[in-house]
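Order of writing sets the labels: A, B, C, D and E. Residues in every chain begin at 1.
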Amino acid sequence: MSLSVALRHRFPGFDLDVAFEAPAGVTALFGRSGAGKTTVVNAVAGLLRPQAGRVAVNGWELFDTESGHWLPPHRRRVGYVFQDGRLFPHLSVARNLRYGRWFTGRRAEDDRFDDIVDMLGIEPLLARRPGALSGGEKQRVAIGRALLAAPRLLLMDEPLASLDEARKAEILPYLERLRDRTEVPVLYVSHSVPEVARLATTVVTLRDGRVAAAGPAAKVLSDPDSIPDLGVREAGAIIPATVVVHHADGLTEFEAAGGRLLLPRIEAEPGRRIAVRIHAQDVILSRTRPEGLSALNILAGRVAAVRRGEGPGVMVQLDCGGERLLARLTRRSAEALELAPGAPCYAILKSVAVARGDVWTPMSG
Amino acid sequence: MSLSVALRHRFPGFDLDVAFEAPAGVTALFGRSGAGKTTVVNAVAGLLRPQAGRVAVNGWELFDTESGHWLPPHRRRVGYVFQDGRLFPHLSVARNLRYGRWFTGRRAEDDRFDDIVDMLGIEPLLARRPGALSGGEKQRVAIGRALLAAPRLLLMDEPLASLDEARKAEILPYLERLRDRTEVPVLYVSHSVPEVARLATTVVTLRDGRVAAAGPAAKVLSDPDSIPDLGVREAGAIIPATVVVHHADGLTEFEAAGGRLLLPRIEAEPGRRIAVRIHAQDVILSRTRPEGLSALNILAGRVAAVRRGEGPGVMVQLDCGGERLLARLTRRSAEALELAPGAPCYAILKSVAVARGDVWTPMSG
Amino acid sequence: AEPVTVFAAASLRNAMDAAIAAWRADTGQPAIAAYAGSSALARQIQQGAPADIFVSANPDWMDVLEQDGLLRAGTRVDLLTNAIVLVAHGRQAESVDVGPSLDLPALLGDRRLAMALVEAVPAGIYGRAALENLGLWDKVEARVVQAPNVRAALALVATGEAPYGIVYRTDAAASDNVSVVGTFAAGTHPPIVYPAAVTAESGNRHAAAFLAFLKGPAARAIFERHGFGVIR
Amino acid sequence: MDWLGPDAWQAVALSIRVAFWATLASLPLAVATALLLARGRFPGRQILNVIVHLPLVMPPVVTGYLLLLTFGRRGAVGSFLAEHFDIVFAFRWTGAALAAAVMGFPLMVRAIRIAVEAVDPGLEQAAGTLGANRCWVFLTVTLPMILPGVIAGALLTFAKAMGEFGATITFVSSIPGETQTIASAVYTFLQVPGGEPAALRLVVVSIVISMGALLVSETLAQRATRRVKGR
Amino acid sequence: MDWLGPDAWQAVALSIRVAFWATLASLPLAVATALLLARGRFPGRQILNVIVHLPLVMPPVVTGYLLLLTFGRRGAVGSFLAEHFDIVFAFRWTGAALAAAVMGFPLMVRAIRIAVEAVDPGLEQAAGTLGANRCWVFLTVTLPMILPGVIAGALLTFAKAMGEFGATITFVSSIPGETQTIASAVYTFLQVPGGEPAALRLVVVSIVISMGALLVSETLAQRATRRVKGR
């Protein structure tokens, strides 16, 4: 087990009681404003001493109120990206970034410094002080500072919240590489389902200080029960697939349970198992195999369940060769197509509807 | 003209030179981190004295460096939601919210207070102090404080950045109503295209301190040239349509240039002109009219242009009865369907792909 | 009735308080005393302080006020005298013969002689004059430490910080841990006198009477009890 | 009561009165001065700064002497005030309060100024955008934020007023019941043989009083600090 | 040079030396005390608080007298230090520095403490998560943040040391060239009629010196403040 968290703490008017176990990789903390995400992260970092609980990282116990063991924050070696920045105002950006390295003694690694500075696009800011930075610039420096502390555990509290899409697109792959190439577990708070879907190995959903759902990201994110927490537009399924071949036109062909998929190219050798997240609302259903569409992907399956939501929509669960797919339709379409459990049908999906971030190499754990 | 901004200011290493005019309604400031958005907002609020420029709201001049006119911030009657919160730590949430009202003398309006508190879900927090709030709670209080100051101009710098989708969905309609029912112009900074598309009357895109694009939201957001600023996944077209009838199954039927549209119900009487934003990546193309699909909307048109992007995608611009539609496809599909300018084809769109926020009543201005 | 306000040198406190009490018992008239350094009191009188009577530890300041016309003409009298003594640390220090033969440097060794400020405070000025007169000043000048007033000098001896000191007889008498080991003969220094006068601005009709009382036998007994000499 | 003697009790009562009024009366001026020094950008700022610090730099006796020359009955300001406003400092308890206030002023100003300099201008700007003019911003944001510093400054002045003697005795003498404070009484006790026990008793009383003030100020400051930290 | 006279120049040099060392030597202890008072939660905190404030509350003469009793040759601490470390305060300039340091201590501690209380604990926490232990957090975050307060405290102590006279002269007397500071020289001049001009000249010199210290401290503090505000 990589990250084991059990906490009980009571603020006046708020009561936290959570416990979850997460394997290596990124554990996403998901939940509405005030659900207790930051409180959990603070307890893991040692900034909050919870009334009861225990946290261990890769078997290394950070604290245990029962045995009275308590590692002070500076001995926990966490890299914490705070929700509210907390850059050192009296130090230049460069010195903020290098702050953690005084204590790790890893001055040699200056290539990593350049890499991270480059990735975050903060090279021109190095000599400035935080007071003269824009909101997003501050956030990027805070991310860099945490990454450069050579942490054994990364805590990121909405690290990308005020960044533009282009910048996010530059930072996310870095976090993915971090997840895939190092052993550093990450506890990641975010309100963005695409971000979470892309990064998270494990998702823990908090509701009013309690765990509402916890488990592998694919499972939690494609669980129709999570829809209230994720938002209906973010509902979707995660299905496994195997890389077959890379085509010259920038597409990669995959073998999935219900058929072949053509998606934007990813970097993975043929034969590699990957996971694809398919948004329910990107899927079109047809009772007959459609011809002459621009959409390249057609998977054959059978209706498993039809679930009415509020409003004009229904959520249709398909069984495509054993994997579950979700499709969101209007009720009218569902009736017109006579979609009832057991009915055979085809799922149509545009290649471009699957963002690069929706395809990833799942963790072994 | 409702909001007229012209500014020049030089920070060491950053040079701002922007000018734009915006009609009544919400003007979205869009741009990458460090592009100068907050700087513009600060100048409008009077917190930064720019080296040169002039700002006027509804004809009321806030400052003009040429004539030397300078209204101090407290006489500008702006409601500013800061990027970094800035709640008064020594006042309770309730007193924070009421702070602006001391100076407007509008104590009578206590129904508005309750409305806003309700909408923001901060009723249980009223007696607390900001230090004991979560990040999102702070942000909501900051929004409430600005709204309750009875401003003549609202400045919102990423107000929803760290809020969950559900909370956003509660706040956005309020802002829409504010836009539609009052004369208060809003300057709105956001990195979220859906948010901007939904709220903005006018979009101003900044790039490195310069205006890259400015104009009606529909135009800027559907301009392929804006794609680098918006992100390719957010590209799309905004087309006008007329409400025809509301159906019992929660759908509303519209008359658009290329055909009929069935979309999730909106509140607008038949005959009303509305605008619909259609994401390029939600559109599927077919050379023949498809049958038996769950997708309810099929518009007939003709290819106007095909634009190759980087990667495996192309952007196809369609002419549907005079309106321009954007569709994002793989190059492979475009070739398979032999899409060349002039080629007739059908655009297929799922009803549910159009979020409630993608349909709105355009402003008269 | 308005009390008679006496501005008196701080070193007179005990004696003057007793004299005031006696006067009150005698005449039923109230009087109050403000004590401070003579210089401060003189300057305050220059600035119009509500003093009826000034008793200085030092003729110089009385001269200044007299020249400025701040004293009621004809009221100035020399009230008291005092003597300076050599004191040593300890209750039973050996007496010495204070005269030209005194080997003060040997007594001190490498330690210090405590005095009041030798250029500013009367006790210091008198003490220095006496040492000069006895030909001792040059030998001990480097060993002298100067306290801001007699009591502070005495404290240095009392605490053993300095083995010897030169102070007023009136101060030495009551102190623990200090013994008088010798007295400087009156001729070795200018006469130590405490002049007193009614101020020019005094509007108190009892002021002159009080000054007269201070010169009288009842007050004299009190002053003598506190170690002062009384000038007839 | 006999333990101290009636004169001494008078001195105690007077010291409290003097310290209280010295503190209270100098507060507004100290706050204004601290703001000017921390925020103002005007010619002569450094001169004001020097003037504020003078009572610290000069020996107290000199300060008292200058006060005597200025605010004394014959002094320029003193005679003017006496004539036109019937305000007299010379040889009154008000003069003792003035001396204590002057001596404590640099301490109070500095304490407040440090607090002012730590205030986040962002909060004041936020208040401004909400319609508060400078004065309101000060009252509703700045002042609550600097309150711990103001309280600390007040305590320093109060304590200093309890201990101040050099300037006070030089300016207003030590007239029992009128200007004789604890400190000047202690001084005069120490000038005569056998006065030490009485002096010691007075010192103890003054320490006890200041301790009370200290505890009150700590409690107030703690509450204010907690407010400022928003908890 | 003749304008003041050699003795007076000696007093000036000595005052500067005394003020400088009093300030420098008390800084570390003042910072530690301020931290303890602002952050510590230990029994006896209020007692420490009272002790720190004593030199302010007590008349300076009393403080000087107590110093004499404690650090004098026969005093408990004084005899111990003299015997074991060969450190002597009595009648030395070091004693004058000790007296000045003690008198300035409450001012310095308070200035630093106000600054400490304004530090955002969030920044210290951030440093902690990055691996800095308490000591490093203090050196790299807290100290730079409180630097304006430390500088202000140092200035107050320096200025107070220039003006302190009561405690100093009571403790170490006035020995020309050894312990006669500007303030005690001024006092001497003021005791005799006609001494005012000489006293005034000395006071002016001491004001000029303190003004220099003030300007230096303002510049340093401004720089430190700008750093802390992150600009």
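Rule of thumb we're sticking to: a contact is a pair of C-beta atoms (placed from the backbone, for glycine too) under 8 Å apart; a residue touches a chain by one contact, two chains touch by 3 or more.
If you want to know which protein each chain is, UniProt gives these names: A, B = Molybdenum ABC transporter ATP-binding protein; D, E = Molybdenum transport system permease.
Bear in mind that the values here come from a model prediction, so they are computed numbers and not experimental data.
Common neighbours of chain C and chain D, by the contact definition above: E.
A centroid comparison over C-alpha atoms places C as the chain most distant from chain B.
Inter-chain contacts peak for the pair A-B, counting C-beta pairs in contact. Averaged C-alpha coordinates put the centre of chain A at 26 Å from the centre of chain B. One inter-chain figure worth recording: chain B and chain C are separated by 90 Å, centre to centre, where each centre is the mean of the chain's CA atoms. Per-chain CA centroids place chain C at a distance of 35 Å from chain E. One finds 60 Å separating the Cα centroids of chain A and chain D. Within chain D, residues 61, 65, 187, 190, 229 each touch two or more of the remaining chains. The residues of chain A that reach two or more other chains are 84, 132, listed in rising order.
Not a single residue in chain C touches at least two other chains. Taken pair by pair, the chains that touch are A-B, A-E, B-D, C-D, C-E, D-E. The part of chain A that touches chain E in the complex is made up of residues 45-47, 72-80, 82, 84, 86-91, 99-100, 102-104, 129-132, 145-146, 149, 155. Every residue of chain A that touches chain B in the complex is listed here, in rising order: 11, 13, 31-34, 37-39, 83-85, 124, 128, 132, 134-137, 139-140, 157-158, 161-167, 169, 191, 193, 228, 230-231, 233-234, 247, 249-251, 262, 264-265, 281-282, 284-288, 290-296, 311-313, 327-334, 336-337, 339, 348, 350-353, 355. Chain E contributes residues 61, 65, 68-69, 72-75, 90-91, 169-170, 172-175, 179-180, 184, 187-193, 195 to its touches with chain C in the complex. Only residues 46, 49-50, 53-62, 65, 106-107, 110-111, 113-115, 117-118, 121, 148-149, 152, 155-156, 159-160, 162-163, 165-166, 182-183, 186-187, 190, 199, 203, 206-207, 210-211, 214-215, 218, 225, 229 of chain D touch chain E when the two sit together in their complex. Of all residues in chain C, only 37, 39, 42, 60-61, 63-64, 112, 114, 117, 119-121, 144-148, 152, 155-156, 159-161 touch chain E in the complex they form.
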